[in-house]
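Presented sequentially are two complexes of chain A, the first with chain B as partner and the second with chain C.
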Partner chain A sequence: MASGYILNRGALTLGIHCQRVCRNISVTQVREKKRWMRAYTYLMEKKLKLEGPPPPKPRSQLPNWDYHAEVQAFSNRLHENFSLELLKTAFINPCYLQAEQERRRGLGVDSEAAALVLKDNIQLSSTGAALTKSFLTDWCRASFPSLPSEGVEGIVGHLTSLTVVAHVARNLGVEDLTMSAECPVPDDVIHHTFMAVIGALEKSSGVERTGYFLRDFLATQLIGKDLFDIWTVVNPMGLLVEELTKRNIALPEPRLIRAAGASTVLPLYFVGLYSDKKLLAQGPGETLVAAEEEAARVALRKIYGYTENRRPSDFSPPQQHQQPLITSVSSN
Partner chain B sequence: MDGLQVGLQFLFTGLNPLQQILHCVLQWATFARSWFVIDARMQPPGKIATMCSVRLQGKHKPIYHAMSDCGDHVVVINTKQIAFSGNKWEQKVYSSHSGYPGGFKQVTAAQLHHKDPKAIVKLAVYGMLPRNLHRRTMMQRLHIFADDELPEDIQANLTEELPQPREIPRKLSEYTQEEIDAFPRLWTPPEDYKMK
Partner chain C sequence: MTSRGTPSRFLQSVLQNGVGRYVCQLKRISLIFSKKAQSSLGVREFIEEGVVDYAKKNPSTVVYVSPQASRIPKIVAEYLNGSVREEIITNKTSPQVLELLTKLTNQSGLDIIRIRKPFHTDSPSIQGQWHPFTNRPPSIGPIRPQKQDNK
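Moving on to the complex of A and B:
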């Protein structure tokens, strides 16, 4: 009986394979890689190659998910006092409501017996977006007093653009909490949801706290970025001439300062702009035209106070005695 | 090179993916190759050669790395008028072997210079560059001219003239009479004193 092999009772009835250790001892459970493992692994890889990676599942459908706890954690993580009903409303998108209605109709659920008592976030989103735009415009004007309105619009447009807001929202965990029809959540939906969250914050904690929130999460996206990457200016020289005429400074004259390898395929020119025989700015370029344009851009950056070595913006936490956020000339 | 100082400001900030145009421009300025010109008139060829080798390797730049190919071009003019110190014109020997038996040749610096006025500077720089495969490329970036005349394309490429390593002493004929008179005398010889 103890001599295993396939003549075992268990082997015949239950189909258990036994492995012999020595003549009298056999084991059913062995520590090695199982015989079926390789075939299974290859089959799964083949399937992956044929069908591609599995579609992403929303976090709410993965295990260990408690919506209420997550919403509270969201509020605590940001050190903000959200009213939880407003916050939950802020995460509900109209596309989700429509998808949910259709699903219920498809399942044949009576729309009166199990009514969908959920409100949209459209109103919160519009208030949030308006507040964001106005706050960021004011903050920009206060930080860069010499920047013209087109520049301010360009910066605010960049900060409230789909890519930047979606990037911030995804990294704050808004994507997991959003209720939307598709997964992964598209950029415009997450933008909409983030604005709704801002609207909810405004209603819960007031305009000032929302201001600090926007400054800390959206305005910081400007760090390390150059002005003319955000705000496209087609004719920097024309703009410079306008700025100088406004300030009654002599018009700029371009002069070649340095040149290297002019007859090679990799030339470099440094052009300086002089107004009234004093150097305004100098810039490098591949050709003379490019160098002059770059010099004009450098001059504009100096005039608008958006150089790399400017005093950094003030992102310190709000003081206890509630100083107003947007004082003039906070950074220059 | 000014491009380096302007361009380096971007190297130590954190680079963002959106910071494209400024980054491109500053990178172009930082890594551009400059063209230096050195006047070798009345200069010791060794000192000229050290200056050339430093700039050919790119060791004058803070972004130097041996594998970065960051060397610049150097143009040496007036090599016909280089000035060895001491008795090197007669005592310094340049040896070569043709590879065939009996082909060992030794020439003095004066003879070599007479035969080819560019050779002394060229051999000096060659000996000062690192002994690796980059040496030949660096020698191709060295342009030596025996006299003042440069071809137009090289003339157009030049960026900077380097200061000469040795201060050329003035000949007596180049001093004005006032300077000669103003020079302090140790003693005035009597009128019938015979100078040797």
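Moving on to the complex of A and C:
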């Protein structure tokens, strides 16, 4: 009520100002203390507190936006030669088409007079997703030759999961260009769009370039990740026994190597796995069972060649793109 | 405030940038200036001389030039990770504007706070971190000083 009263007063004074302005036209501004300002800002703050901040707007509805230039810059940024038509198609999601058609119907536009002539990205997305899966599987097989197929599946599943792909796509600026029905673009839509971008790349520059693209942007997400964070193994000891029998190595024999503070709240046990009287691996844990499991995981990591101190994967650029200028300088 | 009280982060890059290929992190830049004001004289000069060269040199950045009736000219830079930086360029000359633009182009868009060390690694030790049991013969029980050989 009080604010309404103040507003009324504000309107009154405003009216007086207007009259003054009307009487002598040369004066367009009244110089005095703006007593209405405090009430006004107070009211606006209260409104903000009650209603919350306004919903986010898509970047395309804010000033300074040229869609064609943005798409071209996107293609240049990734150092790829996209065909722009395909790339623009890749950004159009079916949900956007539906929402747009409904909006037009709501506005009373004839569907024949202003038909929506846009193709959606379903086909591109499916080809992109299939290609991603097959390429990443091949890449994992080549990088970790001793990893079993379940492990490869786990890694590929992690790399093509919703969160990882959405994270990559958001940091490559796909979100701004994506045409989606909802404004903060949901993860599944952005995943779909990124797969469509990969499909468009495959159609415009071929499978090999797409492979390098996937290696540079998706496979690099594996850096610093642990194998068993990606691939959940419930019973590592069972898997280790299986692996050792496959390789004709004697079965592991867990032994307690070290223990400290067994009667305290922070006990520590080290379990070593011996096979043929040789130490395979050792792992720490708070209980004997946990330590044995950890030791089995360490042994599996060693067998699969996925230890922390392994040789880093090769992410160097393809050989054909070396510029002749650089080679001539290095030969001199 | 002492340096311990200020916000800090480790040295990092967006999306392991540069491991595979380098992606310029600046996606969009808008030069906002006035057509008449004295304070945007240098920006107008830059727009006549250098902005086309800049745009040609950086095809991965979209450059918008928007004249507005404002006394304070500014550069609004948007980065791939979603951060937006505004730089005020009142009374800056054309070379100064170019210098600022180059700086913004080379930045990653991560917030500019104190970096704890000029280097960073996710795996600090190749051999594994030291703990009281490293290089000790296997034994169960409390840790005792190692036996001297000469005794």
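Please note the rule applied: the second predicted complex is superposed on the first by the 278 of 332 C-alpha atoms of A that agree within 3 Å, B and C clash if a C-alpha of one lies under 4 Å from a C-alpha of the other, contacts with A are read in each partner's own complex, and residues count from 1 in each chain.
Rule of thumb we're sticking to: a contact is a pair of C-beta atoms (placed from the backbone, for glycine too) under 8 Å apart; a residue touches a chain by one contact, two chains touch by 3 or more.
As the structure is a computational prediction, the values presented were derived from the model and not from experiment.
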| request: State whether A:D226 touches chain B only (first), chain C only (second), both chains, or neither. | output: first
| request: Would you sort A:R105 into first (chain B), second (chain C), both or neither based on which partner it touches? | output: neither
| When the two structures are overlaid on chain A, which partner does A:V168 contact: first (chain B), second (chain C), both, or neither? | second
| query | Once the shared chain is lined up, is A:P317 touching chain B (first), chain C (second), both, or neither of them? | reply | second
| request: Considering only the touch criterion stated at the top, classify A:K47 as touching first (chain B), second (chain C), both, or neither. | output: neither
| request: Mind working out whether A:G285 is in touch with chain B, chain C, both or neither, as first, second, both or neither? | output: first
| request: Pick one for A:L256: touches chain B only (first), chain C only (second), both, or neither. | output: second
| task | Counting touched residues of chain A, say whether chain B or chain C comes out ahead. | result | C
| Of the two partner chains, chain B (first) and chain C (second), which one does A:L266 touch, if any: first, second, both, or neither? | first
| request: Tell me which partner A:A73 touches in the superposition: chain B (first), chain C (second), both or neither. | output: second
| message | Based on the A-chain superposition described above, do chain B and chain C contact any of the same residues on chain A, and if so which? | response | 224, 257-260, 270, 308-309
| Can you list the residues on chain A that touch chain C in the complex? | 63-64, 66, 69-70, 72-73, 76-79, 167-168, 170-173, 175-176, 212, 215-217, 219-221, 223-224, 256-260, 270, 272, 308-309, 315, 317
| field | Touching residues (chain side chain A, partner chain B) in the complex | value | 224-226, 228-230, 257-264, 266-268, 270, 282-286, 294, 308-309
| What residues of chain B sit close enough to touch chain A in their complex? | 1-3, 6-7, 9-10, 13-16, 18-22, 25-26, 28-29, 32-35, 73, 153, 156-157, 159-160
| remark: In the complex, chain C touches chain A at residues 14-16, 19-21, 23-24, 27-28, 30, 59-62, 64, 66, 80-82, 122-123, 126-127, 132-133, 136, 138-143
